[in-house]
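What follows is a pair of complexes built around chain A, which joins chain B in one and chain C in the other.
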Partner chain A sequence: MKSNLNEMPNKTETTPDVPRQFQRNTLMKQPNYWIFAAVTLLMMAVPLFTSSNSVLFMLTNIFILGVFAMSYDLLLGYTGIISFGHAMFFGIGAYSMGLSLRFFDNAEAGVLVALAAAIVLCFIVSFFVGLLSLRLRDTFYALITLAVATIFLIAAEQWRSLTRGSDGFNFTADIPNNLFGFINLLDRQTVYYLGLVFIVAMFLIMRRFIYSPVGRTLQAIRENENRVASLGFNVLHYKLISNVVAGVIAGLAGIMYAFSIRFVNPHSVLGVELTIDVLLMTVIGGVGTLVGAIVGAGIIEISSHWLMGLRDVHPIFERWVILFGIIFILIVMFFPAGIVGTIRQKWKARRSSL
Partner chain B sequence: MSGILETKDLTINFGGHTAVDHVSLSIKEKELKSIIGPNGAGKTTVFNLISGQLKPSAGQVYFKGKEIEKLPPHKRTKLGIGRSFQITNVFPNLSVLENVRLAVQSKENIMYNMIRHFKYFSRLEDEAMGFLEKVQLDKKADHPAASLAHGEKRKLEIAILLALDSEVLLLDEPTAGMSLEEVPDIIELIKEIRDERDRTIILIEHKMELVLNLSDSIAVLFHGKLLADGDPEDIMKNEQVQSAYLGGDIADA
Partner chain C sequence: MELHLTLIFNGIATGMLIFLLAAGLSLIFGLMSVLNFAHGALFMFGAYAGTYVYILLGGWAGGWSIFYFGLGLLAAAVIGIILGFIVERTTIRQVYGDHLRQILVTTGVMLVVMELVRVFWGSNVIQVGRPQVLDGRTEMMNVLFGHYRLFIIAFGVIVLVGMLIMLKKSKIGLVVRAGVENKEMVQALGINVRRVFTFVFIFGTTLACIGGFLWGPYQGQINPNMGMDLMLIAFIVVAIGGMGSVGGSAVAAILVGLSEAYMAYFFPPGALAVNMLIMAVVLLVKPTGLLGATR
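Moving on to the complex of A and B:
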């Protein structure tokens, strides 16, 4: 129909030396690919060097929180919306697994039901919370997510017969040691590898998502929402997709967390503090960089662990939260775009100046 | 209905101020219509009403006979009304190429794919590159849009619009803020698109001389009202327009 305008691009298509073709073998030439492979191998080897359960436990939690932070980064870094209720999906996942293991005699049934329940619930909640709030201003989304998350928190505290209230409950006794005949979830090393597979899989899935046409559109929405609409995209649909993907993945992270921690209470898996933690992880690592979310999760986990340990050294370290605040300020000062974000910027600047 | 795009008594009030006041326009298919008028006359607001950024207080907008003034912007774009913005409105932290590629993606209707890598659709980038060549920005394809000079951003804005490949193009002062050397290229580009005669163009300008021999017809807006509407010669001769322009009411900024 629009002859001339279409001819132009066709001409460039036939030019053979267009270097922008997507070629799989160029993947191997990217430094990122090698870093990814090296880190994954290193992590696979960790249990060979240490049998310390506490090290494995901490790394497992970093993997799980790393996935949780990456899912948050889909919202904050890739869509440009702030949620104050992301913990609810994590909590839905963790409670689904805890309750399911408690109530089902058959471990396989329990795990599968929890998985299905968490995915369905997270899908429904993220979809409707998004539908309700995302067509309005972004501040409204922040408030609605906070409100709905608070409802879940209160429900978990009040529905004592089911959740045992704010004390929560421990379900170590219900953790299957022979799931599907070969998975011993009581073994720290097994859970460690499960966590590693989980983070690698989720990382690859989310990476593909952000590089998909939908992911590219989301990043444009982050930049300039109205312009995206005037290009013909239904912005609400994209924000909803992002919200649902982030919600379901956070729910899966909650499930993994239940395997690792073997205990749930409202505060630790549903509280707004957890959302703030995940926000900090994302910001420290660098918003809009999936790897940054993992680095942020590592830093928060390790430093809070380390600072809490210092309590035994001197009572001043009782106030480890304050120390943590100082660390946070220093990081933001020296890495204004987050650790990974700032390094990436410097790297790019150096390459283009060469 | 004779025109591809029509407005009927289109009106919008901002508080007490009526920025667009009972404006009825009819744009014929495949013509180039210019809307001129001084700064603040309501030209951009008319575009905002046509493309959906604003909803009218009264009046209607028809596209191919269909009433569209209640549709959201993305639906109007999908119907075939594309627009560029007077105040540059691009994606600052995305590459120049990506800015245009997104428009091509929308035109190609690749809306909800979240499985494929975007480079799988390499023809989108190739097409986008073609539009960048049209506005001489191909050398800057990999730069972030924020790093472009003002005139280059204006060109990018035009490339994005062209990439949408709409039936109706709304161009809001495409040369505003460009350096004098850059203006002829853009006018030439608009002329080229016009001469293809395969789409309708509405061009906002506040400098009359720029559009006189470009336009098939010209509408003059003044204080939100349609002062005159006709072919360029008639507009030139129109006394009201003369006095409005010569009376110093029209700032020639």
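Moving on to the complex of A and C:
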């Protein structure tokens, strides 16, 4: 009789079917919710305290690269595959915006065409690259993405009549100052708020995606692919979905980057250096946490800027990547969850021990 | 006809250099499933270290230059042994068995080593000449055969034959071949596969460093981007030839070398695209590569 009681699950206290985050009545009680709201409000208030364009410019870039890093984390942290060609989607976005602003006289038409072109191109490229490489052993994905991205890089360098080769081109003069009648993209403050809206929207969308049934399945694939396959899931389909979502979001980030930086050249938006930067951001910030990707983007952007400023003190600071390389290796070896993930683990351990 | 003979000759020479880079990569992957992203950076470090010694001793002018060249080669090999040992022990060994983290760690090593090259030797292109003895050309059937290219082909063939004999005849070669086929079984038979892997890793790194050193006089220069460029080609070669197969790497390296030579003559920007196309076709038809073990 007693053993029977023990086997009965206690139905009244646990509701495993609905993730805690989606039980509406508990949403406001979540500390994460308040942190999210507070940080968003704080970021909205930043332009009130500073009119420095360089601060706003840097924060805007952190927002955009944060979205880029989050999209990368969908692959690395939530699906468990490493892409070495994620920069190509970013570059597709940035180049399509730059080119269409250059070629269209009508700003609205240019922006919409670039948006459509970037989404369609990123969709097609990520779909076919995924289809070719995800069927094979997992390491081939890293290899094939690297190779395809290099082809895009070479194309951008060689197709001089269109892309102006490795010098790239500046399109500040073509940036619309009256888009749809009210958006002045030449104003740093407007671009800043646009970037803030962008990162908040993308954060919520990706969060929704991660907690969706598809996202849950992806995390299960990351943990044990064979088991998910034997449960009857088509692993390739789910990995393809993740690849396409990450690719399209990276393309959107590239579009935003074009607004912020107003200049494209092959190595800054298409090079493997950018993919490695985003890899550093994701891993140092915390793999498998969207917030970690944003934190990583902030750390890398701010500290690289700061270290580059120190290069007059000693030329070694120009080689700041070496420092991040060492930190990166140490984090992969000893703190695989990254900064945010490790803090979160410690926090959970403390709360459960209380 | 002369044109094709020249292109084929150049292609085989390029292929042999690529083979030196790809053979180690292939064995490392075949044995432990480590996709070593640091391989290109190690190749570049070997190139810079060997060239540094070569130039420091006296460079390519004068009758003694072949001697300096030999010492540079030796220096590259020694650097390869040291670097291979350090990298395997300090990083790759720590994340053994976890593919994802192995790729991440080797990427970190790649970053550090590539930056170290820039710290030690700067970001500029360094001109490298061929030693006087190997600088000439011989004409045969209206085709000019460069001596340095002949030397590289001979060197590559010696390494290839040596590796094949070692794999077929020696005890360690037996373990490596068995490990590529079924690592767990070898481990179960009481053989320490990890120790063999350390050896293979050091061997692969040394070959890469030697290949890097030979690459300098071949191209006439070395630069800090060569590591990344050639690593991609080496990956393609390994994927075409089959992971873990030395013979496959050789066949694929020559194939890629030939396509590089032909594309360099007809349409240089398309070289990588053609190699990618070959890889895509091979992977679609036979995902294990041309001579890869079927698993």
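Simple rule for what comes next: the second predicted complex is superposed on the first by the 311 of 354 C-alpha atoms of A that agree within 3 Å, B and C clash if a C-alpha of one lies under 4 Å from a C-alpha of the other, contacts with A are read in each partner's own complex, and residues count from 1 in each chain.
The rule is simple: a contact is a pair of C-beta atoms (placed from the backbone, for glycine too) under 8 Å apart; a residue touches a chain by one contact, two chains touch by 3 or more.
Model, not experiment: these values are computed from the prediction.
Trainee: Go through the superposed model and pick first if A:S166 touches only chain B, second if only chain C, both, or neither.
Mentor: neither
Trainee: Quick one: is A:N32 in contact with chain B, with chain C, with both, or with neither? Answer first, second, both or neither.
Mentor: Neither partner.
Trainee: Go through the superposed model and pick first if A:I82 touches only chain B, second if only chain C, both, or neither.
Mentor: A:I82 sits against chain C, while chain B stays out of touch.
Trainee: Per the contact definition in the header, classify A:S51: touching chain B only (first), chain C only (second), both, or neither.
Mentor: neither
Trainee: State whether A:P336 touches chain B only (first), chain C only (second), both chains, or neither.
Mentor: The second partner, chain C, only.
Trainee: With both complexes overlaid on chain A, does A:N106 touch chain B (first), chain C (second), both or neither?
Mentor: In the superposition, A:N106 contacts neither chain B nor chain C.
Trainee: Just checking: does A:T217 make contact with chain B only, chain C only, both, or neither of them? Give me first, second, both or neither.
Mentor: first
Trainee: Identify the partner contact of A:N178: answer first if only chain B is touched, second if only chain C is, both if each is, neither if none is.
Mentor: In the superposition, A:N178 touches no partner, neither chain B nor chain C.
Trainee: Under the contact rule defined above, give the chain A residues that sit at the interface with chain B and also at the interface with chain C.
Mentor: Dual-contact residues (chain A): none.
Trainee: What residues of chain B sit close enough to touch chain A in their complex?
Mentor: 51-53, 72-74, 77-78, 83, 85, 89-94, 98, 101-103, 105-107, 110-123, 125-131, 133-134, 160, 162, 164-165, 192-193, 196, 198-199
Trainee: State the interface residues of chain A toward chain C in the complex, per the touch definition above.
Mentor: Checking each residue of chain A against chain C gives 76, 80, 82, 132, 135-140, 142-144, 146-148, 150-151, 154-155, 157-158, 272, 276, 279, 283, 316, 319, 321-322, 324-326, 328-329, 332-333, 336.
Trainee: What residues of chain C sit close enough to touch chain A in their complex?
Mentor: Answer in residue numbers: 29, 33, 35, 37, 91, 94-95, 99-101, 103-105, 107-109, 111-112, 115-116, 118-119, 228, 232, 235-236, 239, 269, 272-273, 276, 279-280, 283-284, 287.
Trainee: Give every residue of chain A touching chain B within the complex, in rising order.
Mentor: Chain A reaches chain B through residues 1-6, 8-13, 18, 20-22, 208-209, 211-217, 219-220, 223-224, 226-235, 237, 241, 245.
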